[in-house]
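There are two complexes below, and they share chain A, which is joined by chain B in the first and by chain C in the second.
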Partner chain A sequence: MIRRVALAAFASVVLLFYVPFLALGYYISGGGELKLPSLSMVATTFLLAAATAVVAIAVAYPAAYYLAKYGSEFEFALLTAPLWVGTLLKAYSLLALFAIVEKFTGIALWGTAAGVLVGMVYEYLPYALLTLYAAVEKLSETPVTAARVLGASRLQAFFRVELPLTMPGVAAAFILIFLFAMGEVVMPAVLGAWKVYTFGSYVWDLYFKARDFFSGSVLSLVLAALSLLATYVVVRTIRSISI
Partner chain B sequence: MRPLRLYTWALAAALYVPIGVMVALSFNNSKLPYVWGGFTLRWYQELLRWDQAWQAVFNSVVVALAVSFTATLLGMFMAYVLRQDKYLTISQVAVVMPEVSEALSFAAALWLVKTYVGVDLFGPVGVFLAHLAYTLPMAHVLLAPYMAYVSRSAVEAARIFGASELKTMTAVVMPILMPAFVATFLIVFANSFDTYVKTAFTTSPEFVTAPVLLWSYAARGRGDPTIYALASLMLLPSLVAAVIYFRAVKRYS
Partner chain C sequence: MGLSVELRDVSVKYGDFLALKNVNLYVETSEGLVILGPSGSGKSTLLRAVAGLTPVAHGRVYIGGKDVTDLPPDKRRISMLFQDLALFPHLNVFENVAFGLRLKRLPEEEVRRQVMWALELVRLEPQQFMGRKIYQLSGGQQQRVALARALVVQPEVLLLDEPFSHIDLDIKNQLLEELKILHNKLGFTLIYVTHDRFEAVEVGDRIALMRAGEIVQVGKPVDLYKKPRNRYVAEFFGEANIIPASLLGGTREGYAVIRPEDVVIGNSPTYKFKGQVIDITFLWHYLKVEIQSNGHIFKAYVDLETPIAVGDVVEFGFDAKDVYFVAE
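Let's turn to the complex of A and B:
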């Protein structure tokens, strides 16, 4: 009886989540003219997504290292709790903050790529933290002690021993954030004021403005396939992804 | 270690600045975000009088309740019964799927249903199903680690003493998993309550939820104190979920 309920639940995951992708296939088989996004827009999206991943990882790494080695539960909770705040709320709160920043420093962030970058780093930082935390936590003390005994300074031990050992985690975090950022819609729309045009916004407009199901379906499937591939890589590098 | 701690605390502070500023602005007696006009509750009073906002929040709450209850309950069954890795992998893949792809595929499926079956699901039903589609795998992934705490001997003891499978589930397994269940329920609730992209693709113009209303201001870059008040209220489920989640996790360690 409970097995049947569980299998029914599993069937609904497949039906609700995976079967709709067949609908994309249906619209693709219907044919049409493929409206590819412009090269500059693809370049913007790539650069933004890569920058988001790099900045988020760089900012999160020291904190993740601290949390995994010395952090208390409270500190861990404090840093990862923003994960549960919705993207739109984060975007809207940054919008208000940007207005204040512009008034007092004269730096305009709203409607610029830098502003979108700030928003996306803000959004994906918890993902970087969790992935890097998992990687640092797995480190054993033995190689560090060995390096220290052999005369390495603490910094040397970190850069030559610990950092290379956490590289799989860094790679996993990069891929994860890069992909999420590639399909991002909310931050470029709210903080980029539709001036910073990305792949996600393009798919969005294909559906809501152009009603072009064919191109939208093709591009969505490409993004989904990329994500599948990346997930495979991530799962292989870090066995348990904890979200 | 000391500089690392300082860095971590500075980062934590930075993470809360934008949210804090928005909440502060919802109490600011001035329409300009960079002018502090003193403390006021008038934006909340205005929000109280704004029927459309109430309707939107109500819609969001109803959808989120239905979604989180269904997803968490079914997710628990999945996590408890389907222990093999392959099932979990299917759910994990769903969790990391980019949301535009997923939302567009759902919208495409709803269009096909509308065209060939003649049933228009865009609106509350479409939003419910679209939210369930991504929260069910999410609940599964979140609950799976806690199954290790349900000891085989407790389950077998119950079965030997004649409890049915269902009775074992409700009397033995569920109580052990209760903290995890509550935590997952709240996380799914908060997530469904403030998600926008999936709702946008599957709703109808008549069915406005709180994020849809917020979007109509945010996408045009319009700062408005009443909307700050609305957004601040929308933060509540996330904060409650975060606090309870970490307390629940603590009970297992």
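Let's turn to the complex of A and C:
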């Protein structure tokens, strides 16, 4: 009985996940001329997503390490709270911040790739934080102790033992953020002022400006497929290097 | 090789809890000392204080006569084996053993030579095991890798924290035997923590018995066994009959300790009792007989051939020279 109910629930969730893709299939079946994005746009998107993941991880790692080893619940809440703030709100608050920065330093971030990067790192930092926190928290003290006794300084113990042991967490954070960032629309739109043009923006424009539902659907599916492929490759890589 | 280890008046605190209370201990160069005690008695804390893994609240720690109290673990010329092995799961056998050597930035050839030496020392065929992942090894093999890793840095002092407690008895005995051989061959000072008195006598030239953060008695196994300082030592270090001294007549206070192998069934020269056999257990090379008498249960080890059965009423006793008196 329980098994059947659970199975039914599982099936309906799976169905919910894939129904939107069926809708895409509906548009694609209508046919039309495929308008491919330019190579430079794809490259921009790819680089921006990769840079977002790398920077977010680099910034989040020490913080996650601190939280996992010494942090209080309050500090944990403080750092993950931005997760519950909407992307658009984050984007507009950054827009205000950029204006202030420009006024005092003369450095213009609005409408630049750097500005978009800042926005995307800001948006995805909590994901890196949570993933890395889980990885560090799982570490037992004994391998570090063993390294110390074998002659490693605290820093050497970190780089030779703790960091490698948390690499699966780092890779997981990378996949997560990279995939999200590949489809990012809001930050390039608001902070990039449509000057930093990404794959996500292009698909958006296909749907809502050009009304080209055929190309939009095909490219959405391509993005989803590429994401799946990237995930597969990264997971395989982690498997081969980790325990 | 080997350096002496000394603790002078060492106390360790975990918050408000005093885990180690003014402990004094001297371990001689190349000696094998076992720290024995039940869980929570502070024996691991003592070891961690020697290793520099736990800050000392009071007192000083010396290794080779040098005050190392304020030195980090990596500067103490020690090595350590842990209960949960603490092998590095992201490294293969070779790299695990090479870990300490790589930190010294030895040339690759030298690293390789020394890793081979260490693996052969712990009887792991290098060609067969070098490239294996840690999870591909059995518990006993993992412990051998951990031992090789600890020995390859040629420590002056080897600390072992219940290293074989998760290992099958047969393999444990084999590893203990090999550890002893390595200790004799390489001459490092060995401090071995365990809660198991059988392991303790296997490794220890001397034994320090602990309770509640204090060392109760230090000495050769035979001294702890035959001349226990108090009831606690008598009970923890082997089986014992402990009875009020008054039961033996006279005005003596305190307790009398008689080891079960000194209890004779039948006619006894000095102290004589009568009681009923309530249990008999076969223990390979002797029988353990429990006899109820005078409100006490006496344990006696007797010959396998002894004609005795549960329910028998027997006379038993022991010689005056086999009775040891303790005050508390």
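A few notes on this one:
Keep in mind that, in the parts below, the second predicted complex is superposed on the first by the 208 of 243 C-alpha atoms of A that agree within 3 Å, B and C clash if a C-alpha of one lies under 4 Å from a C-alpha of the other, contacts with A are read in each partner's own complex, and residues count from 1 in each chain.
Simple rule for what comes next: a residue touches a chain if its C-beta (ideal position, glycine included) is under 8 Å from a C-beta of that chain, and two chains touch if they have at least 3 such contacts.
The shown structure was predicted, so the numbers you read here are calculated from the model rather than taken from an experiment.
In the overlay built on the shared chain, the residue A:Leu132 is in contact with neither chain B nor chain C. Contacts of A:Thr142 after superposition on the shared chain: chain C is touched, whereas chain B is not. In the superposition on chain A, A:Pro82 contacts chain B only, with no contact to chain C.
Contact with chain C, but none with chain B, is seen for A:Ser153 once the two complexes are overlaid on the shared chain.
Of the two partner chains placed around the shared chain by superposition, chain C is the only one that A:Pro164 touches, whereas chain B remains out of contact. Considering which of chain B and chain C touches more of chain A, the answer is B.
In the superposed pair of complexes, A:Val196 makes contact with neither chain B nor chain C.
Residues 241-243 of chain A contact both chain B in one complex and chain C in the other. Considering their complex, residues 1, 4-5, 7-9, 11-12, 15-19, 21-22, 25, 33-34, 74-75, 77-78, 80-82, 87, 89-102, 104-109, 111-112, 129, 132-134, 136-138, 140-142, 145, 164-166, 169, 187, 190-191, 193-197, 200-201, 211, 214-215, 217-219, 221, 223, 227-228, 231, 234-235, 238-239, 241-242, 245-246, 250 of chain B touch chain A.
The touching residues of chain A, when paired with chain C in their complex, are 140, 142-143, 145-154, 156, 160-161, 164-165, 167, 241-243. Against chain A, the residues of chain C that register as touching in their complex are 51, 53, 72-74, 78-80, 82, 84, 86-90, 99-100, 103-104, 133-135, 149-150, 153, 159.
Listed in rising order, the residues of chain A touching chain B in the complex are 1-3, 5-10, 12-14, 16-24, 26-27, 59-60, 62-63, 65-67, 69-71, 73, 75-79, 81-82, 84-97, 99-100, 103-104, 110-111, 122, 125, 176, 179-180, 182-183, 185-186, 189-190, 193-194, 200, 203-204, 207-208, 213, 216-217, 220-221, 223-224, 227-228, 231, 234-235, 241-243.
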